[in-house]
Structures are given as structure tokens and as C-alpha cells.
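Just below sit the structures, each encoded as C-alpha cells.
Paired with chain B in one complex and with chain C in the other, chain A is shared by the two complexes that follow.
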Partner chain A sequence: MQHIDSPVAQKLWDGQVPLRISLHPQDASALNASNYSCFSQYLSVHRFSYLPLIASEVRRFFVENTNLGFSGSDAEVWFECQGIPLKWHYPVGLLCDYQMADIDHSAGPLPWHITVHFLNFPADKLIRVSPDSSIPSIRDAFMSMVKEADFMRHGTIKKVMGLSKQDQTQLWDSLVSHSFEEFWHVNSQLLVSENTWPRYVPLRIYVPGLPVIQEPIPSIDEETDQPYTLRHVLASVLPQYFKPRADGDASRRGSVDSMKRAPDAVALLHGIEAPLGVPLVWLSQNCSYPDNFLHIVIRI
Partner chain B sequence: MTSFVVQPPPGTAWHELILSRLAERDAREKDAFTELFAAHAEARHLASTLESELSSLKGEHAQALKVAALAKEFGSPDSARRFAELEEQVHKLKDERSELYKTQGQNAQKLLELMEAVQKADGTVATLQDENQTLTAKLKTVSIGLRDAQELIREKDHVIQILRDELATHQLELVQREEQLTEREKKVKTLQEENTSLVDRWILLKQEQAARMNEANEYVEFALKSKATSPPLSRQHSLTEKIYDAGMAVSPSFLPQVATKKMSAHDAEINCIQLSPDGNLLATGGNDKRVILYDAYTGGMKSTLSGPLQSVMSIAFNSASELVMGTSNDNSAKIWNVSTGRLKHTLTGHIGKVFAAKFTDAGRVVSGSHDRTIKVWDLNKGFCADTIFTLSSCNDLCLLNGDGTIIASGHLDNNVRIWDTRSKQLIKEISGIHHGQITGVTMHPTQNAILTTSRDNTLKLIDLHSYQTIKTYS
Partner chain C sequence: MVPDGDSLSAKFQADALSYLETSRSSNNPWTLVNHCQIVKTIFNVVRVCREETQSGVLSQGEELAEEMHEEHDLGALPCSSRDQDVNVEFHVIYSQTWQVPVMYFSAWTASGSPLSLDELKAVIKGGLPEIDEQFRTEYGMPVVSQQDHPVLGVPFFTIHPCQTAALLKELTAKSNDPALTPLMSWMSVMGTVFHPLPLINLSYFQR
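Moving on, here comes the complex of A and B:
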């Protein structure tokens, strides 16, 4: 774990998003809720958490406080913001960043206001999971992302499949129980690579209004044998928003200045502007989400 | 860990930048709201507890109002009226009660009657039970009788089966007899023809003889006439001849009193002993399942014949002293050649111990067995020729003539029976002469009488013409 920047990792792990959750008026009247307009649930949710993990808490709150007549499964619960259903298989931090970057559907000031639904699951927009299995489903989605990241890094998924059953379980359970040590105990095994750079960096770029971009990004420049920086990558993928700074490789220290001068769009990562001069490999190792992907949102 | 891992560069500008921006973010998104949300949750909790308290107080209030209304009602003039109504009700109820007492009395009466009826019924039940017991006892005796009867029927069936089997054998024999009869008739016819021819020749011879006789008579008359003066013959010679004959007829007899020889041969008891007709051999048979032959003059053992599976019960020689036969408890009789000592025949067919057997001059064997039969065996063919059912186990038998067509047998039922073996008919049953089972019968060598031995410890000589006891030896 020498190569893990623990201060950064710890800060990322502890990041939270304030949520204000209110009940949708249509669902409330259909389910005979009383005084629903008076009640909003205020919750601080970890950026690395997922919405299905808070579904049962939200439901309990509304059932207790508004006499909500809902007796279905937690899998029926879904969330939306500004009329757009929120994908339950994205981490909460990514959803928040995406929403903040979307100018057309600006979420307004914090706390982030979302609406909860108990009826009319939008099966055409969200993946439907079978009832009584909401937690296993989100775990399966998470593990498939981990495997995908492993494949991109090493070309195989031996590292994930090589984990013991207990470690695989612990990887997810530590996320649910929010245990930093337990998570990194397993996750560090996935990061170690033997005498070689990762083939590709698991990276997804989200631009509001556009499809998600996921391309095989090599970790180093084959010609110069230098690690790519974030700027290199963004400039090659989104040349209309990011300029390839020819003198960008002059030094990493110069990147602070270059940021000021640049009219570039902003790359949001974990709620902050990511410095563009950072080597992508370091970013991937230290600033990935628990699913081992870098989810970068571009604010234009 | 390896050089390929970008080490965290503490102190680099972008690293500091990231940390500071994260701190800024946490201040904005996390720290600002943590306390606020906690306070909100606290307030929410407080509000909900207050609400629940309020609702419970409301409930209590409603209860109190009800109690107050009740209290008002009891104080009103309506209550007096209600009291009167209630008294009236009490009256009614009392009337109803007296009515009920009456019905109760009637019911008690009825109950008594019913009790009596029950007692009567009990009496009848007891009598019926008695009857039932007697009937079951009868049933038991009847069923026992039935079982006995069934057993009897089964036994009878068994007997019938046996009789049927015998009938079948008889019918078979009948067919054989008829065949033999036709053969005999043919023989008789040929014999008659021969007879007539012989008679004719005989007559011719007789006539010839008569002619010669006449001639001789004439010659004698002529001689007598010519020798009328010659002296008469002396009769001395014929007299001495008579005296000599008389001396031969009176042969001296005496009882043996000293054992001249002692032979020990058998390992177990000796059951039978027999001297051969030519007097050369002596044979013994015993419980050691063997027959032993001795030289009758020297007493030396000649040969040991084995083969029977059980004790040997009797021994017989044929008239030429070539064959010796031993009968055995293993239901068979065995015949050995005397000179070679080799087994020649095994006669099997009896289903009981074979106690006696004799050779006839006609190449047959007659055997008597405890299976209540006498069997005649043809030694040329080697199997049973006839079976006589004797009705009682046969202990011993003897031939009354040489070819064994008439035999006498001594039985377990104290009787002696005389049989014709050709017709298989009982000629005579001699009963009442002995008080124990007959153990032996023997033909008298010269007279027409038989000697019997019995378990009543007597020997009797019986005349075969009158079937009367001539003499009793005890």
C-alpha cells in the first residue's frame, strides 16, 4: 500500500453529499400520504454510496411520518431530479457531479434536492431489478464494474477472480458499512501490477447531453515512455473543449499556471476541479471510485 | 512497490491543489450540513414524540367526556322510572322460576321411572349374557368336533389315495396276467396235441405188450406144467431185507451239549445263521451290515460280503448253493455269488424292512417285509414279478413246495397265513394258535406240517391238512 496516497484516499472516502429528499405529489396522493408537502428527508450520503442502499431508510422515514401506504419491495423505490430518473447503478458522487455540471437542468444550491418515487417504475429508462433482490443486484453491478476495470488494466480478470470468496464479499460489504481499512485491504490487491504499466486506464467521461465516452486510454506514451497526464487524454478525446498544451510536459508544477490561463472546460472529479497536469496513472490509482473507474464529468 | 507505479508526490503543486480542493469541497458539501441535518433530525424526532403525546391526550380527553355524560344520566328522573321497570322484570322472573321448579319436579318423577326401566333392562342383559356364554361353550365343543371330523376325513383321504395306488398296480398286473393266460392257453393246446399223439403211441405199445404178455403166459403155463415136480423157493432172503430196512428207519438222535467250535467274526449282534444245502458253507448276518461265509467243516472264514446299508436280518442259500441272499433293514435284499463273493442282484422295491427271503427252484425269490407285502422276484429279469398284500407285517416265511407256489408266512398279528403265489390268493389264515407275534415258520422235512416260533415263548407244530396244532413245545 506504499503507492496509495492515504490522505487523498481518506478524504475521498469520507466525502459526503447533502440530500434533500421529498415525496412526489402524485405518488403521495395515490398512496394516501398525509402532510407529505411538509416533510422532506435530509440526509448526508457518502459520495461512494449507491441510491439503493438508502432506499429502505427513505421508505421507513416516509412510512413513519406521512402514513405512506406502501408495502412493496425496496426494488420499487426510485429517485429523480428535475424530472430525470437517477441511475441507481452510478455512485451518488457521480450523480451529484453530473447534475451540478448540467446547466440545462441545474440542481440549484445545496442541499441537492431529489424526489423519491414509490410507484410507476420507469422501466424504459432505468434497469429493472427483480423484487426482493435490490441489494444483491447493486452488488452484482458493482462487481461487474470492478471486473471490467481489472480487464482494462491487465487484459484479464484474474486478479478479481483470484480473490477469495471472503475478500470478494468484503469488498462490497466494506462499502456498505463504510469501512476504509477493510476496503483498501482488498482493493490494494487489485491495484498491484507486476513490472508493467497498466495497459489501459479504466476511465469514463461524462458530458451532459452526450453519450458516455469510454475509450481505451493507454497509461504511458509509448514513444517518450512518459505517463500521460489528464490533459493529454482530455485533449485527444474532446479536442473541442481541451487544448493539447504542447509545452504542457515542461513540468508538472507549471500546470497550476496553465490552468489559470486555459479557457478549457472543467473536469469534475469527486466534486472538485481535477488539475489537468496530474499523471493519469496516479489519478487512477488514488482517485478512482470504489469500482476502480475514474468517472470524470465535464462541465462546459 | 515497483518503478512502474507513480509514487505519491507529496509537496507537488497538483497534489496540494487536490487536497486543498477536497478540503474546500468537504467544507461546502459536508461540514456545512452535518450539524444542520443532525439538528433537523433531532427536531423531527421531538416533533413526532410531541405528536404522539398529543394524540394520547386527545384520547384521554374523549374518555373523560364519556364518563361525564354517564354520570349525568344516572342523576336524572328517568332513573326512577327505570327502577319501576326493573321491579316488574323481577316479578316476571320469579314467576318463571316457580314454573321451572314445577317442571323440575316432573322431570324427577320421569327420572325415577326411567331408572326402574334401566334396572329391568340390566336384568335382561344379564340373562342374555348367560345364554351367550352357554352358546359359546356349545360352539367351542362343536368346532372341536368339526376339527376332529376334518382330521378324520384327511386320514381317510390318505387311505383312499393308498388304495387307489394299489388298485392301479393291480390293474397293471391284470393286464400282464391276461397276456400270460393267452400264452398258456397256446401251450396247453400244443400239449394236448402232444398228449393225444403220446396216448396213441402208448396204446400201441400196450397192445404190443399185451401180445407179448400173452405169449409169456402161454410159455409159463407150459413151463409149470412141465416142472410140476420141482421143490419150492426159500423165503429167507426177503426177511433179512426187511430187518435191515427197519434198522435204517430208526436213526439215533441226541441233543448237543458241548460246543465244538467257537468263531468270532461279527462286530455286532448276529441276527441270522444258515447252513448251505450241500452242507459245505455256513453263513451269518449281523447288525454290522455284513454277511460272512465260513467253511462248515473247519470253521474258517471264507469271505465277507458287504453292501447292505443297515443290519442284515436273514440269510438264504439257493438249492445249488451257488448264491447266498441277505435281507436288510435298508428295505432291500442282496444276492451274492458264493464262489466269487461278488454282488449279483439288489432287489429293491419294498418300502419297509425286509425280514425274510427264500430262493425257489424256479429261479425266483420270495421275500416278506414289514411293509405288509410279500414280493416275488424273477431273478432272470431281476425285478419284482408279483406283490401280495398281506395286511400285516411279515416276520418270516417258508416255502411249502420246491418251486415256491405255496408259501407260509408268520406275521406280527399272531397269525400264520398260507398263500398261493401264482393266484396271489390267501389259502388259509391260521389264527388263535399263538398269543404273541410269530417270529419264524419252517416246513417239516418229512411231514406235511410246519413249525412256528412265537413271542409267546412257545413253538408249535401245525398240521397243514387240518390246520390244527399237533404239538406244543414250550
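Moving on, here comes the complex of A and C:
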């Protein structure tokens, strides 16, 4: 199962989200920012990146343009969208997909408009960022996911622990510097070897308003030796939203049988609707986030 | 298809139910929330500066805590400006990934603001004060770190589960008591880390 579809992986790697970042009015007045309502920062951020990696750039922008009186650490910077704090340990692409899927808090058209805060870090809703520097916290969170993914696939975390110290560092550093070749040089060592199947597929499913679903999902049907498709998995985990089989041909449309059943919900991955017939294990190899998880958001 | 988690968490649930039965004899038993989560809340733990009163409160549970609360109201305790009631919650959740129980814990002041790890350590007596966020497991993971609670989605502290399976194997290999489930062995280890937790009725083991 080693084969990587490089053009697909490269395209996903280069995917970006256009962001419009505004300063929160309360923070602005508390920190004596001038003309803050005239300034929004426009940034294009890689979907595979993380918010703490743009914190210092955002801080500089508002300090320079609005004379924001903030001298604290980047660890105090946090972001929200429509009043909901954004989890900094989620990749930006996942945060964006989640917001787009949430009907009650739909983010509207792009650029994705989010708000930056410099005060009152919501410690009851967001994991604290280590005050020394925000980078080790996010690197730890990232490596923790990589190890969890390894454990799910192989039942041990020997693949990650078997990496040289330099390769372990390179995995994160290449994400920060956005170097596709350097990342894949290390990441390809973490995937399952040729002609073997992962024990379980590292997969997290996000339905707005519900706890995150993370279950041990096998990659193949032991009885038939056929790989499970995304539809198999979603119909099993979320039977209320996904049918076990695709709808029949057009001639059946309108029949009582199909009218009774609502259409499938939408599985969002990297900003697009994931085709439900694709084998899960192919998705996992080629379309996982750099933390080696598939993060799939359900739009109902 | 059926995710493998169903059969695994069924085993956890069976162990949890038998554990709950055991904990019922203490005056602050655990509660089963769903098939993979048991929960215990310790209310009115008083955070004070006086060591001896604090450990008394914590090891004897709620009733004593209320007595302490009265004493607290009388203003008898030193450094009263920093004294606050805190609620400590312990959640044991079966991790589908690591296939072991994981302890999630957090504490809040009466006004709802969560305690930092250092503040928590002043409340929890036991093995926890010796470990901090710099400590790493042999797999390079922080021993104690904040993670999103799998059900509530808000930050809780947790002890990284990457070595729990090995620990459980060692514990259960030494025991030939069929009533001693892996969950119960693990809970007794956790009891040494979290002193306010009357995890196990010791008389159970002295029969």
C-alpha cells in the first residue's frame, strides 16, 4: 500500500485558505489601538498550517498599523470566529471546513473572516499555550497526533520512534517551512509498508455540535478482503446521515422508496466534497493531513 | 462494517460496572456516564495554605469538606484572600485508540475559571506534584498535558496513555485474582497519583 499519488499529495500540500483577520473591538480599546476598524489583515495561509504559526505576524501587523499597546507573548494571541474560539491545535484547513459546515455559525463566503484577540485567553475553552514560546506547544500537539496515527496503523509507535532525531525534527520543520520534499522524505517512512494493510485507519470525524468521532476503523473487510470505502465507514458510524449504498440509477428517482430517504450528508475534506466511493485506505495514504490523520467534517 | 471499538469498549463497560459496584461503599462513588466514560466529581475541596487541614479534607471526601467550608467561612484560615472553593473532576474515559482507560482531570474555582497545573498540584496530593509539563515519557510525550476532553471538547489535563498498556500488562501478569480487572489495577495506580481520590475500598483487598 506504499504507492503515493504525488500530484494529489502536492496539490493538497499547496492548498491555502484566504483569511481576513480583524481586531476585536474590546481588545482594541483596552490596548489603545487607533483606527483599528480601518485595518484588517489579509493573509493566505496553508491549509496544513496552524494558527500559532501566524501569531507573531498578526501581532506585528496590528502593532505597526494601529499602535496596539501589546507587549505580551505570542502565546496570549488567540483567534475566534463568530464568538467561538478556534482550536489552535487543529490544522487551519480543518478549522475552515468545520466553520463552513456549521449551519448555525456559517462563515459565509471567502475570505474567511476571523477575529484576533490579545487579551483574556479563554482557558476554559482552549488548551493553554506554553508561555515560553508558542512553537513547542504546537509541535508537541502535532507530534502527539503523528504518534497516535502510528499506533492506530501499526499497533505500536515504533515507526515514529525509529526515525532519527533529525528526521523527527525535520517532519515538523518542513511543515513550518512548507517544504514538500523534506516532509515526504520523512513521512513516507511512517506509512504502512508495501503489500500490507494498516490495522486501523487514523480518522477523525467532526459533526458540528457533536463530540469528535474517533473509532478504530479497520481498512479492509476481513471476509471479502475488499478495502472499505468512505461510504462504508460513514454509514456505519453515522447511519442517520449516510446510506450504506449509493442511490440507484436515475429511473428510480421519485419512487416512494427513495423519497423516504433523505440524501446523504456531505463529507468535507480539504475544502471539497469527498467522493464516498473512494477506498478509505487510499484516502489515508494520499489525503491525510501532515499529522497523518484524515480529518473529515460532515455537513448535514 | 462494525468498528472494532464496540467490542473493546464493551469490555471496558463491564469492568467499569464492576468497579462502580466496588466504589459504591465509599460515600462519593463513581458514575457511569456512557459506555466508555465514568466520572467522579469532588465538590468543595478547599484550597488552603495549611497543609494538614488540606490533606484531611481531601482524603475524607465531601462531608469533611463541608465542615471545612464552615471553618473557612469563619475566617479561621490564613491567607484568606487566596482561599477559594474548587471543584475537581475526574473522568475515566476508555481510549479507542490506545485501548486503555485514560484519566482526564480538571478543576475550577467557584467562578468557573480553570486551575493551571501548578494550582492543581496544590490541591492534589500524591504522585502528581512530582511531575510537571516538562516531564516526558520514554516516547517523548509530555507525561501530563492538556488535551481536549473527548466528549466535552474543552481542555482537561491528562496523563499520556502511551505506556498504560505496558503497565497494565505488568500489573495483571502478577495477579491471579480473577476479580482484579485491569481497570481496577489501573485505578489503584491512579490513586497513588491523585491523593484526593478514594479510588479503592482497601478492605476489598483484605478479604
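The rule is simple: the second predicted complex is superposed on the first by the 278 of 300 C-alpha atoms of A that agree within 3 Å, B and C clash if a C-alpha of one lies under 4 Å from a C-alpha of the other, contacts with A are read in each partner's own complex, and residues count from 1 in each chain.
Throughout what follows, a residue touches a chain if its C-beta (ideal position, glycine included) is under 8 Å from a C-beta of that chain, and two chains touch if they have at least 3 such contacts.
Predicted model only: the values in this text are computed from it and were never measured.
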Fit or clash for chain B plus chain C once both are placed on chain A? fit
Which holds for A:270: it touches chain B only (first), chain C only (second), both, or neither? first
So in the superposed three-chain picture, is A:192 touching just chain B, just chain C, both, or none of them (first/second/both/neither)? first
Chain touching more of chain A, residue-wise (chain B, chain C): B
Looking at A:11 after the superposition, I want to know if it touches chain B, chain C, both of them or none. Which is it: first, second, both, neither? first
Between chain B and chain C, what opening angle does the Cα centre of chain A see in the overlaid model, nearest 10 degrees? 60
Does the superposition put A:85 against chain B (first), chain C (second), both, or neither? neither
Once both structures are overlaid on their shared chain, how near does any Cα of chain B get to a Cα of chain C? Whole angstrom is fine. 20
Considering only the contact definition stated at the top, list the common interface residues of chain A for chain B and chain C. none
Which chain A residues qualify as touching chain C in the complex? 87, 89, 123-128, 130, 140, 143-144, 147-148, 151-152, 157, 161, 200, 211-212, 214-218, 221, 228, 232-233, 236-237
Interfacial residue positions of chain B with respect to chain A in the complex: 1-2, 4-10, 12-15, 17-19, 21-26, 28-30, 32-34, 36-37, 40-41, 44, 48
Listed in rising order, chain A residues that touch chain B in their complex are 2-5, 7-8, 11-12, 14-18, 42-44, 64-65, 110-111, 192-197, 227, 252-253, 255-256, 270-275, 277-279, 281-282, 285-287
How about chain C: which of its residues touch chain A in the complex? 1-5, 8, 96-99, 108, 112-114, 116, 133, 139-142, 145-148, 150-155, 160, 162
